[in-house]
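Take a look at the structures listed below.
Next, two complexes with subunit A in common: one pairs it with subunit B, the other with subunit C.
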Partner chain A sequence: MDMNEKPKVEEKVENTEETKPELPETKEGRLVKEILGEAPYAEGNVRRERRVEFKVPPERIREFLETAQKKFEMLIQITVVDWLKEGEFEVIYQLWSVSESVHAAVRTRIPREDPRLPTVMDIWPVAETYEREGHEFFGVMYEGNPRLGPFILEPREYEKHPFRKDFNMLGYVKGIYGEDFDRYDESKTNYVI
Partner chain B sequence: MADLEVPKELREEAKGHDMYLHPIDKNTYELFFGPQHMATENFSVILKMDGNRIEKAIVNPGFLHRGFEKLAEGRPYFTNIALLLRICVPESDVPENIYSMAVDEIVGWEVPDRAQWIRTTVLEMARMSAWMFWILGFGNEIGLYTAGQWAAAYRERFMRLFEELTGGRVYHIYTVPGGVRRDIPGDKWLRQLRDTVEYLKGKLKDFDEILFDNYITIERTEGVGVMDKKFALRHAVTGPNLRAVGVPYDVRKDDPYYFYPELDFEVPVLKEGDSLARVLVRRYEMEQDLYILEQLLDMGPPSGPYMVQDPRLKALPRFKPPKGDAYAHVESTKGDFGAYVVSDGTHKPYRVHVRGPSQSHGVTVLEELLKGARLADVPVILKTLDNCPPDIDR
Partner chain C sequence: MSEKKNDDFISYELQEFKLFEPLFRWARKKSLWIVAFCTGCGGIEMPPLATARYDFERFGIMPNPAPRMGDLFLITGYVTPKTLKRIIITYELMQDPKYIMIHGSCPINGGVYWDSYNVVKQFDKYLPVDVAIAGCMPRAEAVMDGIMEIMRKIEDGTADSWKRYRENYEYYRKNQDELFGEGWREKEARRWLAWI
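The block that comes next holds the complex of A and B.
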């Protein structure tokens, strides 16, 4: 019986994936529907009250953000997440709509090998700061941003991209501080520094 | 100033130290403002000066970078509280709360009412003590030292209350995912808090006379560092700085959390957008915060547990939330403070990204506002924007 039941559950999951989840009749649902009407290439859903999210292919992210800017006045943050196993960076543009009081996470995925995205500085000038940070910590190239370069870190740390998951923090610290740091053993993995 | 010639020896010494004291062209020279200047706090601005006027300003952060976000990826969930709260020094409860809120959302915990009440009270107390800290800084920058000394003394009252509640004065390590670490010490503490609130309510009038209604403040701030509504929104300016240009955006109203939907308070808004408007918005908010604290005390802490009841909490170091991500934000005195936490199902967060409000108003906005300002206006603009360098560096 158990063996028979399990595939049924899987089938159900597949079915729900094929049919797009219906957007609720709330202000968030209407907002997502309105934006998806203008940008059919994106996927969108409502996560909970005052939280929505979109998935956009990286080639059209700029186009999408230009559309979204009409409803979402503020670019709160650009977060980069390094998914090492998938070999991808997830870049999340976090928008806030002052008029509707809704937070939107616009997600896009770019390859880790050659991470490139167009800048959104001309849509939101504050993106300059976020992009400089993303470039310094992760090495994402934001094409069109003139100020990419050493920003928060020291110049010697530039282009090491310390927030990537494969950055060897212990090795780097040991290399810089040498003798002062010799009590750490790289072969041990359970250190919490 | 235009005819100033830097002596040759000094110029060569400066070159040796990789500094550019020498004039760039005939009338322009570079000035390093901070990090040794009191107004900038651990932060520096490189100013290109034409006489007394600033032609260009380049923000130079990084003196406080300690890699908190990276370190947080290597620690268990609950240990991170003791680390992330150091991002915002004057109100350390804000990073604790945003991180805890995000983890609560990932796990799906409903924080008990009593814990929510305590968290709201702690956040409001943190706001009040941060306002006092701001008066200390701002009063000192414009030369009204008495107001600053008073404010430092009043902040001490909150520090003592915090010490009794949490054990720490500046860094409290108090709010944890699922609730708070300890219960309220007793009714005596609540009475002391009410006394402090009453006391400060009376003292706000004194601050009006010595600082907010003082002609020195008005002369120094009126018409300095003006921004308009469109500029502020495009630059993601939040908090009192945004309310000073006429946008009534407050996270406590627009994305309510904890007990704020049940509380009655106003969001003060001014339209001018200059430094004076930013100062006055802060003055009105102090009043509102004291009013909120009063209401919370009238309401009284609800009965019940102060921590969520979950068997997983018994094995804390190996506590594993499910996969997922969440964004949570609160209203701090600096603006909209947010945290984005990603969990991959292990006992450490996969990524923690903190959005400090100074990241937007401390870099691009500051550079724009400083253009054309006088050298003496730099501390005024810095302090009325309430720039907090650890937000930028993290």
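The block that comes next holds the complex of A and C.
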């Protein structure tokens, strides 16, 4: 694929409505049922033993995480996935329940243009670092986090948000480090090294 | 040893000291103190080298935390621009004569990080290098071989990277400034060397 080519936004395929599978009668199933009882706007399912998953609309993510915090005491990580074709960022909050030994992935999707989410620093203070990282590599704005800004990378890379899928990596590398060592062309037709 | 040319190796205040130059070289070769600045994956290759099996202390090599006392700077893996700033400033803190050995293919040409935006591709554009060991990662035997090579080079006076750095300072400075921007040295050094 040409690196410079603009991403084509494909039309979403309508999912046929399926009947929801029943939650299993395990501790994971009971946990999901309990949380969904308090937060009916979310979707939840059990992936396997000790793994559960929630899908939450972005405007209610803070509310949901406040609810989930009663069961899931620990925030392990906040990761961001760039879905270029859909034009969306998927933000995944990974939670760990110390009392129940269950790992939860709370997924939410926000638009790629002007991505904004409320901070969860006051729920889990450790979120500050993960939010700074997500902001630096993807440009997600976590509103309320006071320390967003250049973090790990050089300032010039911070401006480009290098983990975004439309970041032209090879062109950038050639510009910074010179063309002394040949690499792929940007069009990936000319194979070198 | 006596017929080797050693006039231009180091300038002494007392010319009589030139007489002892072979002795000094032998001493320098047998007491390489390394600056423990481990970048990348080569850092964990050093413990096998230091412990019973390969035991580099029999050659007088000692890990040493202070750059002011170091002779040999080991670059043990990929170098990011942020690390390179620290490496350059640490290298300039070291006393002459000083030697650089680079491990693995990443500092040579980028290695597996050849298309990464955050790994320096050619280390010797920014600092001079005495010995480069290819491999990903080189085995401990290869690193020992590199150390023997640098000892050989010190003995016959060809380990002259610190001299090249002085002579071609403009070239290296230009490349560093191209990568980091003008005035990076003062800005960065002030952040972690409080006395500057």
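Quick note on the criterion: the second predicted complex is superposed on the first by the 164 of 193 C-alpha atoms of A that agree within 3 Å, B and C clash if a C-alpha of one lies under 4 Å from a C-alpha of the other, contacts with A are read in each partner's own complex, and residues count from 1 in each chain.
Simple rule for what comes next: a contact is a pair of C-beta atoms (placed from the backbone, for glycine too) under 8 Å apart; a residue touches a chain by one contact, two chains touch by 3 or more.
What you see is a predicted model, and the numbers here were worked out from it, not measured in a lab.
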- Please work out whether A:162 is in contact with subunit B alone, subunit C alone, both, or neither, and reply first, second, both or neither. both
- Query: With the two structures laid over each other on chain A, which partner does A:79 touch: subunit B (first), subunit C (second), both, or neither?
  - Reply: first
- Message: On the A-aligned overlay, A:103 touches which partner chain: subunit B = first, subunit C = second, or both, or neither?
- Response: first
- In the superposed arrangement, does A:177 touch subunit B (first), subunit C (second), both or neither? second
- With both structures superposed, pick whichever of subunit B and subunit C touches the larger number of subunit A residues. B
- Query: What is the contact status of A:129 with respect to subunit B (first) and subunit C (second): first, second, both, or neither?
  - Reply: first
- Does subunit B (first) or subunit C (second) touch A:154, or do both, or does neither? both
- Message: If we overlay the two complexes on their shared chain A, which of subunit B and subunit C does A:28 touch? Say first, second, both or neither.
- Response: neither
- Task: Kindly list the residues of subunit A that each of subunit B and subunit C touches, one partner per complex.
- Result: 152-154, 162, 169, 193
- Query: In the complex of these two chains, what residues of subunit A are touching subunit B?
  - Reply: 50-51, 73-77, 79, 81-82, 92, 94, 96, 98, 101, 103, 105, 124-126, 128-130, 133, 151-154, 162-163, 169, 192-193
- Query: Which of the residues in subunit A end up touching subunit C in this complex?
  - Reply: 152-154, 157, 162, 169-170, 172-173, 176-178, 180-181, 183-184, 193
- Query: Along subunit C, where are the residues that touch subunit A in the complex?
  - Reply: 81-82, 109-110, 114-118, 120-122, 125, 179
- Query: Contact residues on subunit B for subunit A in the complex?
  - Reply: 61-62, 65, 67, 69-71, 74-75, 79, 233-236, 238, 247, 249, 254-255, 327, 329, 336, 338, 340, 342, 350-351, 353, 355, 359-360, 363-365, 392-393
